[in-house]
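Have a look at these structures, which come just after this line.
First chain A sits with chain B, and in the next complex the same chain sits with chain C.
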Partner chain A sequence: MALVLKYVVAVLVRYWLIHSDYWQTLANRVEIATPLNSWKRLIEGIYLFEHNIDPYDGDSFHESPLLLISFYSLLKYAPYLLPGVFTLIDILTAYFLYKTAKIFVRILKRNQENNIEVISDESKAMILTNLQLEEVPEYVLSVYLFNPYSVLNCVGMTTTVVQNLLLAVSLWGSVAGHRLVACIFIALATHQALYPITLIVPISILLADVNKGCKKCSYIRTLLVFILCWGFLIFISAYIMNGSYSYIYNTYGFILTVPDLKPNIGLFWYFFTEMFEHFRLLFVCAFQINALILYVVPLTLRFKNEPILLATVLIALSTIFRSYPCVGDVGFYLALLPMWKHLFTFMQQKFIAGCAFIITSVLGPTVWHLWIYSGSANANFFFGVTLSFATAQIFLITDLMFAYLKREFTLKHGSSRQVDGKPAKLVLR
Partner chain B sequence: MGLLSDPEYGSMRFIKVLKRIHSPLCFLFYIGAIVWFFLLGHREFNNDTYFSENALLPGLVTNEFNGEQAAKQFHNELLQELEDKYEDTDEMPVPWLVAKMSQIHLEVYTHNFTLNYPLGQGQVFKGTNVYGILRAPRTSSLEALVLTVPYRPLSSHQKGTTAGIALMLAFAQFARPKKYWAKDIIFLVTEHEQLGMQAWLEAYHGLQSDSGTFYTNLGSFWKSKKKGWEWTDHSRCLDPGTLKGRSGSIQAAINLEFHTPKIKYIEVKVEGLNGQLPNLDLVNLVHKLCVKSGIHHSYKNSYAWVRNRNSMDGWVDGVWTMLGMMSAQIAGVPNGNHGLFHRFGIEAVTLEGRDADDPAGAPPRVHQLTATNFYRLGTALESIFRSLNNLLERFHQSYFFYLLAATDRFISIGQYMPSLCLLCGAMLIRALSLWVTIQKEEDKKEDKKDNDGVEEEKVNEESEVIENREGLRKRVKGDLKDKKRVKEDGDMKETESISVVSIGANYFLAHLIGSGVMNSPFVFSHIGAKYLDRPSEVSVYYGLFCVSALIVVISPFLLKLFRQRPANREELTIINILLLIEMSTLGLCVGMHNISLGLCVCALYTPLALLVGVREKRSLSVYLKQGICLLLHPLVILTVCMMVYSRILFPEESLPSALGRGRDAAMQAIMFSIVDSLIYGNWLFNVATTVLLPVWIISWQLLCVTVA
Partner chain C sequence: MHLYVYFQFITLITGNTYEHSHLAPRSLKEIMSRFQVEELHLTLTEGQWRHKQWGYPVMDAAPGAELYAWFSPTVTDVNDNWKKLSATLSGLFCASLNFIDAHNTISPKMALTPLGAMNIGLNYTSQFARYASLPREIVCTENLTPWKKLLPCESSHGFASLLNSRLIHNTNYHSIGVHIRKVCSNNECTNYNFEVKQTVALVYDFKIINSMNWSFKLLFGQGLFGGCPLSSSSKIYIDVTSNDTLPFKLSPKPISIIQSQRGGSDTLLAVYVIKADSPMINIGAKHSIDNKFSVTIPPPLHFNRYVLGYGKEFGGIVTEITNNYWAPIDIVLLENAPWWLPIQLSTLRINGEAESSLILKQYYSPGRSRQRPYHLELLMRLPPKSTTTVTIDFEFVFLKWQEYPPDANHGFYIGSALISAKLPTAKNYTSIPIDGTTLESVINASKPWYPAVFRTNGAMVSLPTPDFSMPYNVICLACTVVALAFGPLHNICTKELVLKPSGTSLSLRQRIINLFKKKKD
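Take a look at the complex of A and B:
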């Protein structure tokens, strides 16, 4: 009952905001809509497509052809459904996250039972009870449904709404052990936004864990299925665009080379407006390596036993460092955090991170207004705020990882943190 | 990286220290902020103004202004015209102005606008602006400068502006044949003070009122069948009409308010809508060129001809000038027509001519000053415009956020921000210490082990125990979207005894009340006009008063909604923390827009936010705090300030009549702020009702509730 009520309220809030006078303002906010995902550009692309102009010829449209064609048919035959469709997609995302969290809780319980003998006597009280775990899915659900970031994202009707659904389904597929579902959806997500490609690592670990058997075979099978799916999608997209692969330059190429420096909540635009042109390639590579692959290997080595934590952290890190982030991405990984509710007691900087989230979320639009509309502030003010927003997110994520390590350590060794009678120091390594 | 990799290390000691010293620390921060602010008035702590924009090249041309006779003639003709034909009406002599501008060979246009007064019984005001454009011979009308004068009828209680109009016409006549103009100059006479200016600016920039809905956005894909989506009326109260002639983007504007050529000194007015300021380069330029043309000039309490030998006097004067600037900025109402330009990204100042017997008060040694004449004013104007004519790009160098301590001293944003940050920091420190307490409280109930590492475990254990007890009671009702507040912290869920829903619901309701109050003046004004036959300001004021009284009575009970048991200590502490965070966020954001308002709000409400806490029993101090809280209600603050102000302004009046005058002034002030927010987009009233009032409501709740 309570669940249905939550869904209903969430739908009403979204529906009302889409039909309110603020819609236009919200849909054009830089925090919500980036060149990659904005509704305005989607409409533009569809319009061009309808008039038999290749939307990828110009510089305005950067979505994948698959999305283009599906939204084209929606717009063509049932435009009045669109607000409903976006709301439905968001609700479905929440539903799949809920399901994911439910299965995750089961996995967590099983792992706990398996490891019960290594837990020291002192820490027995820290074992999670059923009651504690049962509420986790509900928290995940309500965080996704009522988080202002995800609400605004849905109301702004960005394609990130779709992206979130794809991610949620692939997460669900992998915890549930449906290899094909997980691979198809992660391939779709990768096809749309490229950055989710990193998630194939935690997903293949998860699938190998869930489906018992030969681990190496499982990894290879997952990878193969993923690559096949992705390749198929690339091919299908080219088929939609009459066999031309030129769309790749305007989708993946656009994501990777960052030609549009419209300000957003990320870190790319400011650096690349300041950059000398002939160093651009070097720095683009550096930034993209940071966003795409830098963290995958070390984190995988450290958290290979907790693939879901790995997935959460990778999603969060790619959100922070990607070239065109928006608040929808932030809302998505925030919804994953309640799964780690049992770590919150070990987190030290949640107050600082929370304050920083609130203050920067309010200050950002303020200085944007001063910069763009009043003409009195300048880009540095806005970048300062987005930089502190990114810092707050990094604090949150590092704190989460560290909390996990602390809990693990405490479980194993008891609460007295001493080595040879001296207080020891834990280091995140 | 130590911060990231080992947050645990040594934190217990830090928490102990924080708990012990947080209240003196907050007090210190508050005092520090105030002291810092007052120090800024001293020469050691502020800077000399300087030109940042090289292109301005101020005062490098030889003055050629020779329109003194013309100006005198225009002035006399205008006065004659007004006395002959416009003695009894408030209308503007449009034909005369159009004729004169046409004779000078400007492109002359008139502009009509309409105001549908938003409150009251739908009065309609009409007005006309006259403007002439001097097309620049050297470029193709891509950029423009504006010289504007508000028209004031003879019957106006304000000083006239006839000399300003005459000077403008003479300057136009002088400038018309010159070959060096690289930017168009628009000569504009506006009617109805700021209303005409706002209408002209909106028409010039082609503002449209329709905000597209989702379906209009679909363009050709959406074949609209029914028009049922428009729930609210989009028509705005000010209809700016259209302009028949335009020029390029406006780079700068000068507004003249001269009632006679023989003024003693010029006051340069800078404060604009919502406290926005023009670029410091323009302000500086005007002051410097006044000096060059031999005109005395002043800013607030700082008079260019008065030199302080004593540095103490200089400090006191600096502080008074800053305070004067802040008092003008707080309300966010422009103190001249220049203020409306800022909103459009145009730098503008007003030059107001003042006599020795000006209502603003007599500055020292003013009688020794020689009066100016049209020649000097004209050369000053010429220098200013020729300097602006040199601009290569928009004003963007120099400062947009500053305070002036004298005509030639300023305080930049980097220098005054620490003051505001200290105030907000005090609140955040208090929030942090409260946060630490609720983390620790659970710990205390357990038997203590003196090992640092045990702490988390204990917390966890304890929360488990509570959970078993209360887990069933706690029901997430799932309504009220305001649960989202919690996610931002992502942390409130850890102790299960805390009902997230009721905290969220309370927060949501407080803000709902706030937005209700924001929209209430229409209702009050309607009721007042229809049933009680009172003017809107009276009905709105007393309406707001009644609502406030109602809130005072009802709000403590809001906490009891959506729950089966009284709020416990942790919940109230979390409400308190959220209150502190919201207050400091508000302070920072308002301070970014309008530092004076931000500082003022923070200086008033920081003590309240710091005093508020969770009480176990009622004692005398709680009643004292409740009294302070009531005094700090936005409406009460306004009324008290107005009463004190009118007492200072008219010290000879008896106390009751001064109080009555203060109350009337408060009514007027509220009315103006509402109307300003509707017509000009002044957000003071909106912020006060939607953020400040909810914050106040929550503080009041916390002061009224006790825990077992």
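Take a look at the complex of A and C:
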């Protein structure tokens, strides 16, 4: 009952905001809409497509042809449904996250039972009870439905709403052991935004864990299915665009080379505005490697037993470091955090990070207005805010990982911090 | 009240060889043959022609520099020739035409048509035509001097000696131009000659010259000492139609007064024939009533263009076109937005309507950042006695810091839109008919319709600017944030948690003592 009520309230909030006078303002906010995902660009792309002008010829549209064709038909046959469709997609995302969290709790419980013998006597009290675990999915659902980032993202009718659904379904598919579902949806997400490609690693680990049997065969099978799906999507998209692959330059190329320097909540825009021209390529490569592949291998080696934590961290890191992030991406990974509710007691910087989130979220629009509309501030103000927002997110994610390590350590060695009766400190060495 | 002075110098290059050229500038001829240019138009303009108040000029020009050309169909790489052409002209006229590049060049589809003789059956308007304008270009003496050197008499004799840069650059509007086209040398048009037309248009404001009585001495600082001895004909025409409403006397008296009837409008022209050995002449007009204001009747088609919106995030360009005539007028509107002003076709509104029946044909080529401008052409039928408003939205672009011009907060110029019209009436129309050469051909040149290409006024936007003083700071700060993630992640991945005995914390005194103890050891 409470669940249904949550859905209803979430739908009402979204419906009200989409139909309010603020919709236009929200849909144009730099924090919500980037050149990649904005509703305005989608409309422009569809308009050009409708008038037989290649939308990928110019610089106005950067979404995948699949999305173009689906929204084109939607807009043509049932334009009145659009606000409803966006709300529905967002609710579905929440539902799939809820389902994912439910299965995740089961996995967590099973792992805990398997490892019960290594837990030290002192730490027996830390074993998660059923009651604690059962509320996790509820939290995940509530956070996705009601955190302002995802609400605003849905109201802004950005294509990130679709992206979030694809990610949620692929996460659900992998924890539930449906290889095909997971692979198809992660391929769709990769096709749309490229950065989710990193998620194939935790997904293949998860699938191998869930579907018992030969692990290596499972990895290879997952990878193969993913590559086949992705290749098929690339081909199908070219088929939609009359066999022309020029859209790749305007989607992946646009994401990777960062030609549009319109401010967003990420780190790229001001960095590459102020970049010296002959270092540009070097830093574009460095930043993209940082966002795409730098952390995948080390984190995989470290957290191979916790693929869901790995997935959470990879989603969060790619959100922080991607070229065109928006609040919708932030909202999505924030909704995954309640799954790690049992780690919160070990986190040291959650207060600082929380305060920074609130302050930057308020300050961002304020300094943007001062800079762009009243002309009394300059770009540095907004840059400062986006920097602190990124720092807050980094603190949150690294703190979560430290908390996980500390909890594991405490479970093994007990909660007393003593060496030979002398007080001791937990340090990394 | 304004005075429009228009100079036109025509040099005909006969024959196809350019080795021997005594009248025509060899430099221009070489450019034409080297880059295989069929037709070339270059204007350098300061100020804005006000069509609504001033009527129509003989040749309209966009503010700043404007260059358009048609290349021969035998040219394989038009873009390459275009680039070379603009660079060469840049050197010839000391103008910044070398800034013309793919990112500000378009190929007009409907708006521009060649004025000279062209081979029939080839589509000249799209493939081989190139158009570019540089609205920021400032026109000065350094452009006028090389322009004068192209004339057979340079500035030593003839009308060009009147063009004293000190005085003509003080006018409200001045425009110098070079127009080269092919003209048939016989009736069958089996052979052709090149016609080089050099023009100067000046507009004086009576308020600024402080009198409605003008004379050569007042306008140019000197009288005219005969025509160029090399010229076959030197004539001065003065439009004296307004003599009925605002009586004035010309001195010295004109040789004759011709009445010209063209497309329903009567014009009276006073003619002076200037010979090479004529004595010094100082033509002037004296009004019997000074400072009288007259009501100007706007021409059949006039327009206005402005930028909408506030802030530096979203804006719109509005072009208002008024048709005063009692019949519909067909026009082509060419909007040419630079790449840093991305217009969105989905926001195109004609009188507030998305799908307007006024549009007969539409062409759109979307721009690409740092490569290609946005190019929109609309063929529209303007209903009689109406104003049509064309609105299109754009988004401000954030440039890289090195892409901003010096004085970035001065603003960015948006070039004029082109309006190509088929005027049904010759009211206010002074252009030379396509088959004519000199101003004589205007007399009684009635046609079913009158082609005209107008330039709307330009506009200016102020793009958001970064802080130009802190590239190092930004690079350092952003890299620090990346390092903030890299450090802990590196620690997490490479190190493990251990318990380290930490003892009771020592007091400062104890620590200092320990330090000394260590030294003793």
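Note that the second predicted complex is superposed on the first by the 417 of 429 C-alpha atoms of A that agree within 3 Å, B and C clash if a C-alpha of one lies under 4 Å from a C-alpha of the other, contacts with A are read in each partner's own complex, and residues count from 1 in each chain.
Everything below uses one rule, namely that contacts are C-beta pairs under 8 Å (C-beta built on N, C-alpha and C of every residue); 3 or more make two chains touch, one makes a residue touch a chain.
None of the values given here were measured: they were computed from a predicted structure.
Of the two partner chains, both chain B and chain C are touched by A:406.
In the overlay built on the shared chain, the residue A:263 is in contact with chain C alone; chain B does not reach it.
In the superposition on chain A, contact is made by A:398 with both chain B and chain C.
In the superposition on chain A, A:57 makes contact with chain C only, not with chain B.
By the touch criterion defined above, A:139 reaches chain B but does not reach chain C.
Of the two partner chains placed by superposition, only chain C is touched by A:298; chain B is not. Look at A:113: by the touch rule set out above, it reaches neither chain B nor chain C. By the document's definition of touching, of the two partners only chain B reaches A:125; chain C does not. Of the two partner chains, chain B and chain C are each touched by A:43.
Of the residues of chain A, those at positions 40, 43, 46-47, 373, 378, 394-395, 398, 402, 406, 417-418, 423, 425-428 touch chain B in one of the two structures and chain C in the other.
Interface residues of chain B facing chain A in the complex, by the touch rule stated above, are 4-9, 11, 211-215, 217-222, 229, 232, 234, 276-277, 342-343, 345, 394, 396, 400-401, 428, 431-432, 435, 451-454, 456-457, 459-461, 463-464, 467-468, 471, 475-484, 487-491, 493-494, 581-582, 584-585, 588-589, 592-593.
Residue ranges of chain A in contact with chain B, taken from their complex: 2-3, 5-6, 9-10, 13, 18-19, 21, 23-25, 27, 39-40, 43, 46-47, 75-76, 79, 82-83, 122-123, 125-126, 129, 131-132, 138-139, 142-143, 146-148, 151, 157, 334, 337-338, 341-342, 344-351, 353-355, 357-359, 361-363, 366-367, 370, 373-378, 381, 394-396, 398-399, 402, 406, 410, 415-418, 423, 425-428.
Contacts from chain A toward chain C in the complex involve residues 28, 30, 40, 43-44, 46-48, 51, 53, 55, 57-60, 259-263, 267, 269-277, 287, 290, 294-295, 298-299, 301-302, 317, 320-321, 371-373, 378-380, 383, 387, 390-391, 394-395, 397-398, 401-402, 405-406, 409, 413, 417-420, 422-429. Put simply, chain C touches chain A in their complex at residues 310-314, 339, 342, 344-346, 362, 364-370, 372, 374, 395, 397-402, 464-467, 470-471, 474-475, 477-478, 481-482, 484-486, 488-504.
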